[in-house]
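Same chain, two partners: chain A is paired with chain B first, then with chain C.
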Partner chain A sequence: MPASISKDDIQTVYPRVAKAIAEALARDPAEVRVTSRLFADLEAESIDLLDIVFRLEREFNIQIPRGRIIEDARGDLPEDEFERNGVLTAPGLARLREYMSEVPAENFRAQMNLADVPALFTVETMCKIVIRAMRDGSA
Partner chain B sequence: MLGESGLAGKAVIVTGGSRGIGRAIVDLFAAEGANVTFLFRTDRVSAQEAMEQARARGHSVSCEQADVRDPAACAAAVQRTIARTGRIDVLVNNSGVIRDNLLAWLEPGDVSEVLETNVTGVFNITRAAVSHMISQRSGKIINISSVAGEMAGRGQTNYAASKGAVNAFTRALAVELAPRKITVNAVAPGLIETGMSERIRTNAGDQALNRILLRRYGQPVEVANAVVFLASRFADYITGQIIYVDGGFKME
Partner chain C sequence: MLVRRRVAITGLGLVTPLGNSTATTWRALMAGRSGIAPIRGFDAGGYPVRIAAEVKDFEPRTQGAHHKLLKYAVRHAAFALSAAAEAIDDAGVGPCAETANRWGCVAGSGMMGVAFDELAQFQRRFASGGKLAAHALFDPATPAPDPIAYARNQANAGLALLVQRFGIRGYASSVHTACASGGQAIGQAMRLIRRGGADFVLAGGFDSMINPVGLAGFCMLGALSTDNDMPARASRPFDRSRNGFVLGEGAGFLVLEEWQAARRRGARIYAELAGDGNSLSSYRITDSHPSGDGPIQAMRWALADAGARPSEVGYINAHGTSTLMNDRSECAAVRSVFGPHAARVKVSSTKSLMGHLVSGAGAVEAAVCALAIHHSQLPVSANLDQPDPQCDLNFVREPAASCRVGIAMSNSFGFGGSNSCLIFRNPEDAAG
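Now for the complex of A and B:
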């Protein structure tokens, strides 16, 4: 399991993450709160998520591998116990809920499609992605 | 001309820019006042010469060596370009090779080299450049296809397949990038007087000329004209299109 991420860690990167997200979405930075959901609250589209990732990679000089959240959340759970045909299994969903603890529990649905996971992302999710990528880089 | 093309000062990347059609594209963008960087694979002498001639005319032209088949080399070349220009406004995917032969006589390398350069190369350099265009919320991507993408002759299975793929890539990417106001189009030349088409022109002779409505081969600059048009502000409302510059080759 990767090292835990504290609230302080989040706050350290949050201003720069929020700025990148605000720029990608052409929004006022004040609207980008740590709990804001990228798609539901900030009205991001899938191409905006790409832009956010590109901007974060440039801003923090990091690499954010695609599908990283899913891989990390799965951890040591074998792939076919985590998801089947692109749909999260019950243990898979439990792992993801634990890993993405910043997302309110009620937002996770049973039989959730892997492709729908990014719709859960909040600004804090992006902060955590950045922190993990920075730790990878300095490891 | 209809007035300013809007290309002065724009940062343009052209792959395969040291010779043939690519060189004509580089020269025409440079003449419009764009800041052009062209990529070349091996021919450093031609590249250097093209760059020096352009600079002697007061044009802003640079070059970077990169094999488009290598994703890391593409990413590095784009990164070096961005470090100089700060942005990418136009990407012209022009690199291409031809290895004509009857299917049964094609060596495995004749297939892989054509597909890797003409198709994978377009993916590699576009993937490297597109992140910047997405963040800029603007950009124009122009792929050099060929009439062979739609109707090819004998001995062109590999080349035709590669250009058909470029056409499909163009249309699909246009859909993907439209929300960010990035246009993606292709220019499909017919028989153009370049070193690359010399063998076809020599072998096919009058038979080829008779299939061209305008009864002559095209000049590299005539392809460049279409590319520069698609990159200009005059083409802001054009995306997902394949523009044929072939003297009417495919009409008969």
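Now for the complex of A and C:
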């Protein structure tokens, strides 16, 4: 498992992450909070997520490979034990819930589609993605 | 007996080189003020043509959640969103839960799709050797290009934004027939209402080719006026000394509405959109037929469609580009269609002041015809000092105090041979 991310780590990148998200979604920066869900609260659509990633890559001079969250969450769990036909298994869901600890537990549903995972992303999720990418870059 | 559904124009919205609203554009037209000036949008030094009719001080008219749409809007799509918002405000009616399925959107758009800066950036980063390096583009270690650029540059992107912005759920279509696009879009929208496919249509056109590639293309075709030292006089349709058109940009939108419904809700009706004629010259790529063949048929069919006689037409907003060939051919066509009445019908080209808005031209000029009927005033054909002897029509050369228009006609002809003609009737003369 990757090294843990502290609240202080989050706060270090949060202002710039929030600004990029606010710009991508044309929201008032005051509306963007660390707990805001990109889709449900900030009305993102799937193409906006690509834009947010693009803006974060430029802002922090980092690379965020597609599908990175899923790969990291899966860790050493074999792929077919993590998901089957695009649906998360029970162990897969447990891994993801642990990995995305910033997302309220009740938002994870049994038999979730992998494709629905981005709908869970919060601003904090994006902060963690940035921090991990920065650590990768300096490793 | 089946009564033909008729079409009312109840809302107008404009973003033009003369102003960023209908009122400011109309005031500038009436004052004979030119929108043509040295190009400010990019450095045109080195081009034989360094003037254009640019939209100035443009601030998009969007608020709140709709603001995000601007991210997906190239310059002319942003013009379209603003002009359409004004048209819908002006009409006092817009799509709602009960009516969204009865709304359509038809727009003439983008003679050129991809924004030059984005192309150039892409080329520099991924095709510097002259060939697209796909492995570099998709290498996870290479910073990706802006993913939104692809969405922004799709040919139907503007139409998609309009439909989403206003919640239109009935029907949408784009028209790409070069300079005839805007006129044809409005004609198609009229037919859509007539045949019952919609009760309301947001119809118009939008374009901007004032960019390095667009300007270079028209320069290479030798189609543009090179009068860099006198921008306000550069566009002089029908004048003996004319030497090409001036590139413009902008958007025009009309709200079209089924006549009886518009009457029932007490809408202000600018004019009846009464006739639509289309023809194809099938002659040459950029030349118009010297005899006016093509435009002649479009005008005749539009008149027949409106049930109007040539002698009833009081005003023609000409295509009038200020190129040698168009203006002669169009005058020949008018003479052929109007016969002796050609000497009486008033003609002007508003491109003399606002340049040529390409795919947006026909829509903006349709709005001008509706306004001419509504205000009983005719816009002048500016800079017409010495008419070409082969362009011997009754041009509006001086502003007149008042001139009631019963029927107005608007012509739009495109490269590729598409000819569009629209007929507008004074609502006082439209029974019912």
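Basically, the second predicted complex is superposed on the first by the 139 of 139 C-alpha atoms of A that agree within 3 Å, B and C clash if a C-alpha of one lies under 4 Å from a C-alpha of the other, contacts with A are read in each partner's own complex, and residues count from 1 in each chain.
By our rule, a residue touches a chain if its C-beta (ideal position, glycine included) is under 8 Å from a C-beta of that chain, and two chains touch if they have at least 3 such contacts.
Since we're looking at a predicted model, the values are computed, not measured.
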item	value
Contacts of A:Gln63 with chain B and chain C, given as first, second, both or neither	second
Contacts of A:Val17 with chain B and chain C, given as first, second, both or neither	neither
Winner by number of chain A residues touched, once chain B and chain C are compared	C
Which superposed partner A:Ile129 touches (first chain B, second chain C, both, neither)	neither
Chain B versus chain C as contact partner of A:Asp51, first or second or both or neither	both
Contact residues common to both interfaces of chain A (with chain B and with chain C)	24, 47, 50-51, 54, 58
Of all residues in chain B, those that touch chain A in their complex	131-132, 134-135, 176-177, 179-180
Residues of chain A defined as touching chain B within the complex	23-24, 45, 47, 50-51, 54-55, 58
Interfacial residue positions of chain A with respect to chain C in the complex	24-26, 43, 47-48, 50-51, 54, 57-58, 63, 65-66
Footprint of chain A on chain C - complex, ascending	65, 67-68, 70-71, 140-141, 143-144, 146-148, 151
